[in-house]
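In order of appearance the chains are A, B and C, and numbering begins at 1 in each one.
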Amino acid sequence: MIPARPARRSLTRWFCLAVSGLTALAFAGMVALFAFESLPVWRHAGFEYLRGHQWFFRAQRFGALPMVYGTLAVSALALLLAAPVGLGSAVFVAEILPARLRLPAKTAIELLAGIPSVVYGLLGVLLLRGWMLRVLAPFEPLSGDTLATGGVLLAVMILPTVVTLGDDALRGVARSQRQAARALGLTRAETIVRVSLPQALPGLVAALLLALGRALGETIAVFLVIGRQDNQWPEHLLSPASLAAAGQTLTTKLGGSETHIAYGDPLHWAAMVALALVLAILVASVTLAGTWLGRPRLAGAASANLPSPAGGDPGDPHA
Amino acid sequence: MRRLFDRAFTLLVVSAGLLALMLFVAIAGYLAWRGLGAVDLDFLTQPSRGAGAEGGVRYQLLGTLILIATALAAAVPPALGIGIYRGVYLTRPQARRRVSLLLFVANGVPSILYGIFGLAVFGQLLGWGKSWLAGGLLLGMMILPTLTLAFAERVDAIPKKYLEAAAGLGLRRAQIVRAVILPQSLGGLVSGALLGLARAAGETAPILFIAAVFSGATVPHGIVESPVLALPYHIFVLAQDSFQPEAETHLWAAAAVLLGVVLVFALVALPLRIRLHEEAHHG
Amino acid sequence: MFFLVLAVLALPAAGGRALKVNGSSTVTPVVADAADLLQQTAGLEIVVDPAGGSSGGISALGDGRVDMAMSSRPLEPGDHSKFPSTDFRPVTIGYDAVAMVVSRDVWQGGVHALSRQQVRDIYEGRIKRWSAVGGPDRRIVFFDKEPGRGTWAMFAKWAYGDTQKAPLVSFPKVGSNQETRTKVASTPGAMSQLSASWTDGETIFALGIRRPDASVVYPTREEIAAGHYPIRRPLLVITDGPATGAAKTLLDLLLSERGQALVEKHGYLPLEKPAATEAH
C-alpha cells in the first residue's frame, strides 16, 4: 500500500486499468466464446452430450462421456503414481537433504518441469509404448497405446510439480516448530509426521490439485500414446483392466484431426467447442480448489508460491 | 520402536527421493545421449528438405524465435499494467488476493484451449488463415499470468520503508511507480519473462491450428496467411512417423535444439531468481 | 501491444503471398518436392501443409483459405454441395492404390489376401482373430484411418459402396500415412488402410484382394496400371477455377516429365503420357 496522495486522473493509473481490463476481457471472452459457439450442440443433444456414450459425428451423435472418463482416468492414474513418489521426494528435499544440496536439487527439478510436452511425447512414443505393452501383458492390450500408457507418461510429467510445490509447502512450516519438537525429544521422522506434515497439509493437497490440473490439461504428450480410440466406455469403471485399452481424452480429441473436419460444420464445431468448455470448467475448478487451499501464501508478500503448468516457478521464497 | 519407525520412515522417504532422482538422471541422460550427437552447425543453419523430414531446422528455429518474441511483446505491457494496478492502486488485501487467484487460474488454462480459441477468433472471426501473429498473440496470452505473477510478487516484496520514504518526499503515486517500484521489481518481470519464453518456445497446442505449418514456410511476408515453421510442431508431426531410422536421428536432433532453446532461458533465469529470493528472504 | 494493434490495423491484408497448398498426406511428398524444386529454380514460395487430409484440403479450398488442394480421393457430390460457389478443377497427377496392410507377423503367419466380405467382417467386429482368416491365433489389432483422409474414403467406397454407408465403428485411429506405417509396423497383429506404395515388404505388407472367383489380385504396379486392382485412386491437385500464376507453374511442373519422375520416386503410378517437358 502506498501512503501517497492518490491521483484520480493519473495516466499511469488509466493505462494500468485499461490493460488489466483488456486482459480480463480476453480471458472472459475465451470462456464466453466457448459457451456461445457450443450452443448448437446443447440445443441438439442437451444433457445427453455429457451422459452419452457414443460419439459418431457422421450420424450427428455426440456423447462426450467416454472422453471425460478418459481424461479423468489418465489423470487419476498419473496422480496415483506421482503422489507417493512426489510427496516422499518433497519430504526428502525439504527435511532431509543437506542445505548445500538444495540448490542443485531445486534446479534439477525445475529443469525437468520445463521440458516441453512434445519431448515427453517423443519419449513416450519411442520408449514407453513398447515397455507398457510388455508390462500390461496380463491384461492383453492390443498395442502399447493405452490409457495406462498415458497415465504413466503424465505421472512422470507432473512429478516435478508435486515435488517442488510439496517442498514449498513443507518449507512453509516455521523452523521454530521443528526445533521445538526436536527439543521435546521427537525423532526426525516423528517431527515430520506429527509436526511438519499436518501443518503443511493444505499446501500439500494444493500441490496435488495443481499437479492434477496440469495433468487434466495436457494434450500433446498424451495424444501420441493413448490410441485415440473413441467410445471406449469400460464395463467396469474401476477395474485396472479397463486402463489397458486405448482411449480418448477431451484434450486428445480437441488436438486431433476432427477439429479440422468440424471447422465448417456448425453442429460438429459446436460439439468440439463444447468439449473445450467442459475441459475449461473442469481444470478451472481444480485449479481454483488448489489455489484456494494454498491460500495462506497468497496473502503474504514474498511468500507467494507461483506454480505454472510448465512447472516454471517464478517465486521460491524458501530456497 | 520409535527408532525403528524413524529408520523405516527415513528409508521410505529417501527411496522416493532416489527414485525421482534416478528418473531425472535417466531422462536427462537419454535426451543428452540421443540429442547431442545429432546436432551440428549445419543442422541449425540449413533449411529442411524432403517435406520436412531431412535437412536442418533453420526456419523452424526462426519461426520459434519469431513466435516467442511476439509473445513477449504482447505479454509485457499487460503484465506491467496488472502488476502495478494490483500492487499500487488496489489497497484492500482481499482485492489483491482475488487478482492473484484469478491469475493462478488463468495460469492453469490448458494450452489446447488457446489453440481452439485462436482457431475460432483468428480463423473463423477474423479470417486470417494461418498467421505468425496469431500464434504469437496466443502464446503471449498463455504466458501472461506467469509474467504477471512473477512481477507482482516482486512488487509486493518491496520494503515498505522505500515507499514510505518516497511518499514522505511528496511524490505522487505515479511518480513512485516510476521512481521506486519499477526499478525495484523489474528483476521479477525479467525472470518471469524468461520463464514464459522457455514455456512458449516449447508449446505446440496453441500454434497447432492457426500459426504453424509443417513445410514450405520460411520468413513470413505479412500478417494474414503468413504461417511459420516451429520446432515443437515439427517434432510433433515427425514423432508420429518415428519408425524410420533416418527420421529418428533428425527427430532427436530437432528435440535437442528445442531443449537447448528452453534450457538457455531457464538457465539464464535461474541465478536471477536465486538472487531475488535471497533478497526477499534475507534482505 | 498498442503499436502491434496499430500495425495489425494498418497493414494490408495480403502481403507478398506464398502459394498455399493443403490436403492429402499421400500427395504431399510429391507436391512438396515439386515445391522445393520451384523454390530453388524460380524462387517461388509454396507452402505445403498436410494437416486435415484430403477432406481438410478440399474444405480449405472451398473456404478460400488455400490456393490449391491435394486429394487422394475423387471429388464427391458432397464436396460440391458444401461449397456451391467453388469451381473445383481437379487435375490428376498420378495414381495410387489403397491396400489393406498388415504387420510382419500376420503376413508371415500366412495371411496374404482377404475378400471384401472378410474385410467387412473384420471392420464390423465379427471376425476378431487372425485364425479365422487363415492366420496365427492372435487378435486383430485394427487401426482405422481418420475419417477425413482420402485413404479412408477410398476404403469405405470399396468396402461399402459409399462413405455414407460405412458403419459407425470405433477403432484406435491413425492419421497420416507415416503414422499408419509406424503403428502397424510396430504392433503385432496389426492391420490398417494405407497407400500401397508406402509398404516396404519387410515390416509392413500389402494384402491382396480375393475376388469372388477365388483369384487374388495384389496391388502391384502392373495390376494397378492395368486397372485390375479395385482400390485405385487418382492423385489430385485441385484449384478453384482454372489454375493461374504460381499455381499453374506448379501444376505444369507436376504434369511434366520431371514432375512425373517425382511421382514415380515416391512409389506412385505416373500418368500414361506425361505432358511435354517444361523449360524448368
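Note that in this section a contact is a pair of C-beta atoms (placed from the backbone, for glycine too) under 8 Å apart; a residue touches a chain by one contact, two chains touch by 3 or more.
In this text the structure is predicted, and so the values were computed from the model without any measurement.
Distances between chain centres, each the mean of the C-alpha atoms, put C farthest from chain A.
Highest inter-chain contact count (C-beta pairs) belongs to A-B. The geometric centre of chain A is 37 Å away from that of chain C, both derived from CA atoms. With each centre defined as the average position of its C-alpha atoms, the distance from chain A to chain B rounds to 17 Å. In chain A, the positions touching at least two other chains are 19, 260, 263. Residue positions of chain B with contacts to 2 or more other chains are 77-78, 240, 242.
Residue positions 1, 51, 175, 186 of chain C are each in touch with at least two other chains.
If you check the complex, the residues on chain B that touch chain C are 49-52, 70, 73-74, 77-78, 129-130, 133, 213-218, 221-227, 237, 240-243. Of all the residues in chain B, the ones that touch chain A in their complex are 2-3, 5-10, 12-17, 19-21, 23-24, 27-28, 30-31, 77-78, 80-82, 84-85, 88-89, 91, 93, 97, 100-102, 104-117, 119-121, 123-124, 141, 144-146, 149-150, 152-153, 156-157, 163-164, 166-167, 171-174, 176-178, 188, 191-192, 195-196, 198-199, 201-205, 208-209, 232, 235-236, 239-240, 242, 248, 251, 255, 258-259, 262-263, 266, 270, 273-274, 277-278, 280-281. Residues 1-7, 10-13, 15-20, 22-24, 26-27, 30, 33-34, 37, 84-89, 91-93, 95-97, 103, 107-112, 114-119, 121-123, 125-127, 156, 159, 163, 187-190, 192-193, 210, 213-214, 216-220, 224, 251, 254-255, 259-260, 263, 272-273, 276, 279-280, 283-284, 286-288, 291-292, 295, 298-299, 301-302, 304, 306-310, 312-319 of chain A are the ones that touch chain B when the two sit in their complex. Taken in their complex, chain C has these residues touching chain A: 1, 51-53, 55-56, 59, 62-63, 82, 139, 141, 146-148, 164, 168, 170-173, 175, 183, 186-187, 189-190. Within the complex formed with chain B, the residues of chain C that make contact are 1-2, 4, 7-8, 11-18, 20-21, 28-29, 32-33, 35-36, 45-51, 65, 175-176, 178-179, 181-182, 185-186, 203.
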